[in-house]
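Here chain A shows up in two complexes: once beside chain B, once beside chain C.
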Partner chain A sequence: MALRDLSRQAWMWKILSFVLFFGAWEIAGQIPISLSFPTFVDTFVAFMRMTFDGSFLGAYAQTVQPLLIGVLISSFAGIACGVGMGLWRGFEWCTLVIFIILQAAPVAAIIPLITYLYGIGLTSKVIAVVIMSLPLIVLNSYKGIRHTHPSLLEMSRSFQGSRMQEIMKIILPAASPLIFAGLRLGVGAGFIGVVLAELLITPTGIGDLITYHRSVADYPEMFAAITSIIVLAAVTLTGLLKLEVFVRPENRAR
Partner chain B sequence: MGKAFRFASRLIAPAVLLAAASVVQSPASAGEIRLGLGDIESVETLNLMIAIERTKARGVDVNLISFKSEDVANQAIVNDQADIGIGTPYAIIQKVKAPIRLFFQLSTLQFYPVVNTEHYKTWKDLDGGDLVVHSRTSGTLAIANLMALKHGIKYGSISYVPGSEVRALGMLKGNIKASIIDSVNTNFLKSKDAKKFQVLPLGDLAASDEALFARKDYLEKNAADVQVFLEELVKTWREINKNPAIVQTERTKYGLLKDLPKDLEKEILPYFEVGAAGGMFPNDGGGASAARADFDFYSVAGQIKGNAADLKVEDFWYLKPLDTVLNKLK
Partner chain C sequence: MNQVAEKVSNSADDTIVSVDGIAKRYEGGVQALKGVNLDIPAGQLTTFLGPSGCGKTTLLKIIAGLLDPTEGEVRIRGQKVTGPGPDRSFVFQDFALMPWATVIRNVAFGLELSGASKEERYEKATKYIAEVGLKGFEDAYPHELSGGMRQRVGLARALAVNADIILMDEPFASVDEQTRRKFQDDLLDLLAIEKKTVIFVTHSIEEAVYVSDQIVLLSRRPGKVANIFTTDLDRSVSPDEVRRQKNYLDSVDEIWAILREYLQEDESAAARKVRG
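After this line comes the complex of A and B, so read on.
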C-alpha cells in the first residue's frame, strides 16, 4: 500500500514537473522573450501536424540509418574493446589513451574534418556517431571490469575457478551495471552525433527538418523537430533502462 | 526544510532557465554601428570592408561582427544584439512579423548553372537529369525551378549540398554532374577544364543575394549614422562599377585582409570585374525595383508565401534612408 502511494507520488511529481516546464514555455512564448520563440501550444500543434503528415516518418527513416549503424558498431566494438582493456594490461596500455583523447576531443570541430576524409555520405555520418558514442562505451566497460571487487575474485580462486569461469561468472556480471550505464551514455551521445552530422555535413533527416524550417522562419515546426529528437532519445534511453532490468533483474533495487 | 527546498527548486528551475534565455546585450552607443555578417571576411566582402573603412573615416564607427550563419545574424538583429544585418530575411518579416526592414541591396544573385559536358550540354539534357543545389530554400533551388519552368523540363532528382566550394569539388571529382554555383567557384572549375565544365545560359537575375536590413526603429533613431554608411556604400559601389581595380588599391590603402593567401589574391580582380560587368553591385542600392524582383524570386524559392504581385514594398523595405542618400548623391 505504502509502495503504491510512493509510486503514485513519483508520477505526480513527474507530471507536475512537465506541467511547470511547459507552462513556463507557454508564458515565455506569449511575452514573447524573442520574436522567434514560439509558444508551447504552437509547437505542440506543429509537432502533431508533422507526426501525422509523415514529415517525421520520412525524416527519421533517414536519420535512424546512420544512428543505428553507428550505435551498433559502437556497442559491439566498444564493449569488446572495453572488456579487453580491462582484462589485459598490454591491450589497455595500447588503447586507453586513444579513447581518453577521443572522449575529450571537441567533436563539433572534428566533424568537418571527417568530410575531408570520407566525403558527405552515409560513412561520414556513421563515423560521427561512432566518435561520439564509442569512447563512452569503451571507458565504462573498461572501468566496470577493472572495478570488480577483489573479494569476489579471491572467492573464485579459493573455489579453484578457471580463468574463463572467473570472467564469465564473476567479472562480467559484476561489470554489467557499468557496461549498461556506458551503453545508455553511448546511445545518448550517438543521438548528439547524428544530429551534429546532419546539421554540419549535409542536411538530411531530422537535421534537414531543423535547417529547412529555420531558413523559412517556421519556428514552431523547427522547435517541434528539435523536441522530437529529444523525445526519441529519452524514449530510447528509458527502453535501455528497462532492458537492463529485464536482463539483470537483481539490479532493479539500485 | 529539505522537502520545501526541493519543491521550490522544482518549481523555479524551468522559469530560471527560460528567464536566462531572455537576457539581452546592451545597445550600441551613438556613432557606432554593430554590423552582423553571417559569414567570414573574404574576397567577396572586400567592397563592403572598403565602404566600412570610409565610413569610419567620417566618424561613424562600424563594428563588423562575424556570425556562423545568416540565420544567427538574423536572430542577433531581431533580438537587438546587432544593429544591421546582411541577408534576405523575407521569411522572418512575413511570418513572425519582425519589425525589421531591408534598406540597401548589396549584391544581386550571381550564380551559374555549371554542367559536366560528358553528361549534359543543354537545359533540355537536364530533363530527367540530376542536379545538386545548396538547400531546400536557397536561391540556387529557386534558379533551378525558374529554369525548369522556362525550358519546360523536369529534373530527375535534386540533391542538396551546402557550399559552392563543396559542390565545385564534387564536380571536379565527378560525384556531381550538374550544379548551380557562385562566380568564384565557376571560374575555378573553368580554369581546371574549360571544355569539361560549361555554364548554361541563365538570363538576367535582379534578385538580391545580400541586402542590408535592420530594425525599423533603429533606422529612424540613427538616421544620421545610417546615412553616412549608405553614402559610402553607394559611392564605393559606383567606383567599383567604373573601375573594379580600385578594390585592390583600396585594400592596400586600408590594409584589409592582410593574411590573404597569394592564390586568393589573384581572384580579387576577376571577381569584381565579373561582378561589375554582370550588374552585381547596384549603383542605386536596389530600392523598390529590387524589392519587386525579390518578391518574384523568393516566392519561387519558398521563402515568401502568397502572390508576389500582391505584396507591398513598404511591408518589407524601408526606403527613406536610401532615397535621402540618392537625392544627395544623384
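After this line comes the complex of A and C, so read on.
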C-alpha cells in the first residue's frame, strides 16, 4: 500500500518535471529567444500532424532499419568481443588498443569517409551506427568482466565450480550492470550515428526530415522531428532498463 | 612392536588435516609462511591466531586448496591436497555472496555447482537457512540483510554441501560485538549438532579462547607454529560464566603475553630502523 503510494508520488514528480520543462519551452518560444525557436505548442501541433500524415512513418521506415541492424550487430559482436577480451589475455592484447583508439577518435569526422568506401546506401548507415556504438559496448563489457569481485571467483572455485560455471554463473551476472551500461551508451550513440549518417551522407529518413524543414524554415516541424528521435531514444533506453531488472532482479527491490 | 603400530594408526585416525613442512612465497617475494607443521584433530574447532600479516589467511587457503604452497604438502585423511574438494568448504571474511541471487539460491549454490536438482538443493538449503536462524529470509537479497545475517548465509552455504571440514576466515570480523557474541554461541550450538571439523581464523584472543578446542599461535612473518594451546572449558554453563572460568582467563592472559612480546619486538625493530 505504502509502496503504491510511493510509486504514485514518483509518477507525479515525473509528470511535474515534464510540465515544468514544456512550460519553460513555451515561454522561451513566446519571447522568442531566437527566430528559429518555435513554441512548445506549435511544435506539438506539428508533431501531431506529422504523426498522422505519415511523414514520421515514412522517415522512420528508412531510419529504423539501419539503426536496428547496426545496434544488433554492435550488441552481439560488442558483448562477445568485450567478454572475450575480459576472459582471455591473448585476445585482450590484440584487440583492446583498437577499441580504445576508436573510442577516442572523433568519429563524426570519419563518417563522410565511409561514403567513399561504401557509397550512400544502407551499408554506410549501418557502418556509421556500428562505428559509434561498438567501442562503447566492447569497452564496458570488458570492464565489467574485469571487475568481477575476486572473492566470488574464489568462492566458486572452493565449491569446485568448473570454468564454464564460473563464467556463466559468476562472471557474466557480475558484469551485467556494466554490460547494460555499455548497451545504453551504445544504443544512444547508435542513434547519433544514424542521424549523423542521414545528415552527412545520405539525405534520407529522419535526418532528411530535419534538413528539409530547416531549409524551408519550418521550424516547428524541424523541432518536432528532432523531438521524435529523442523520444524514440528515451523509450528504447527505458526498455533496456526493464531488461536489466530481469537479469539482476535485486535491483527491483531497491 | 604391535603397540607402536597401533599408536601410529590411532593418531592417524584422530588427525583429519595434516600440514607438513608448508612454506609459501608470494610472487612479489613475500615469504608468508615457512616450515609450518601441524596436525588438526577431527571433530574439533581449531583456531589460527597471530599478528596481522603473519599468514593465517594464506595457511587457511592452502588447506582449502585455493592456493598452492611453495613447499610441503597438506594431507586430508592421508590424501594429498591438490585443489578444492568436497570434503572442505570455506566461509569468507567478506561473505562472498552473489548480490543478484536470493538467500536460498546463495545457500544452495555449492549444490547447484555440483549439479543437484533444484528440488533437492532448495530442500537442503531451506533446512540450513533455518538452522542458522534465517527462516523467513529465503527470498531476500543480500543487500537487504545486515552484516551478521549475511555471514549466516555464508555459513549456511558452507554447511549445505555437507563437507566434513569447515574453514572460516575471520567470519565475524565485520560484525558488531553483540552480534559477534551471539554468533559465536550459535556457532558452538550448531557444531554440537553438525559434528564438523572447523578451522577458524581470528584476530581476537577472547574469541579464539571462547570458541576453540585448540589454538594454534602463529609467529610473525614468515609465519610458523609458535605454540599450540588446548583450551579445556566447561561449556555446560552460561556464556558469561564460561568467560569467568579460570581456564578461560588464564588462556587469554597466556596468549596475550606471547602476542605482546611480538609487538614489543616489532616496536624495537622499528625503533632500530629509525635510529639506524
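Throughout what follows, the second predicted complex is superposed on the first by the 248 of 254 C-alpha atoms of A that agree within 3 Å, B and C clash if a C-alpha of one lies under 4 Å from a C-alpha of the other, contacts with A are read in each partner's own complex, and residues count from 1 in each chain.
In this text, contacts are C-beta pairs under 8 Å (C-beta built on N, C-alpha and C of every residue); 3 or more make two chains touch, one makes a residue touch a chain.
All of these numbers come straight from a predicted model, not from anything done at the bench.
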item	value
Simultaneous placement of chain C and chain B on chain A, clash or fit	fit
Partner chain(s) touched by A:217 [first = chain B, second = chain C, both, neither]	first
Degrees between the directions from chain A toward chain B and toward chain C, using C-alpha centres, nearest 10	150
Chain B versus chain C as contact partner of A:161, first or second or both or neither	second
Partner chain in contact with A:152 - chain B first, chain C second, else both or neither	second
Touched partner set for A:25, first chain B, second chain C, both or neither	first
Chain B versus chain C as contact partner of A:11, first or second or both or neither	neither
Per-pair minimum CA distance [chain C against chain B, superposed on A] in Å	26
Chain A residues touching chain B - in the complex, by the definition given at the top	13, 16-17, 20-21, 24-25, 27-28, 31, 33-37, 119-120, 202-203, 208, 211-212, 214-219
Residue ranges of chain A touching chain C (in the complex, touch as defined)	149, 151-152, 154-162, 165, 169-170, 173-174, 176, 247-250, 253-254
In the complex with chain A, residue positions of chain C that touch it	64-66, 83-86, 88-90, 92, 94, 96, 98-101, 109-110, 112-114, 141-144, 161
Residues of chain B that touch chain A when the two form their complex	10-11, 14-15, 17-18, 21-22, 71, 75, 78-79, 89, 91-92, 94-98, 135-138, 160-162, 166, 170, 175, 302-303
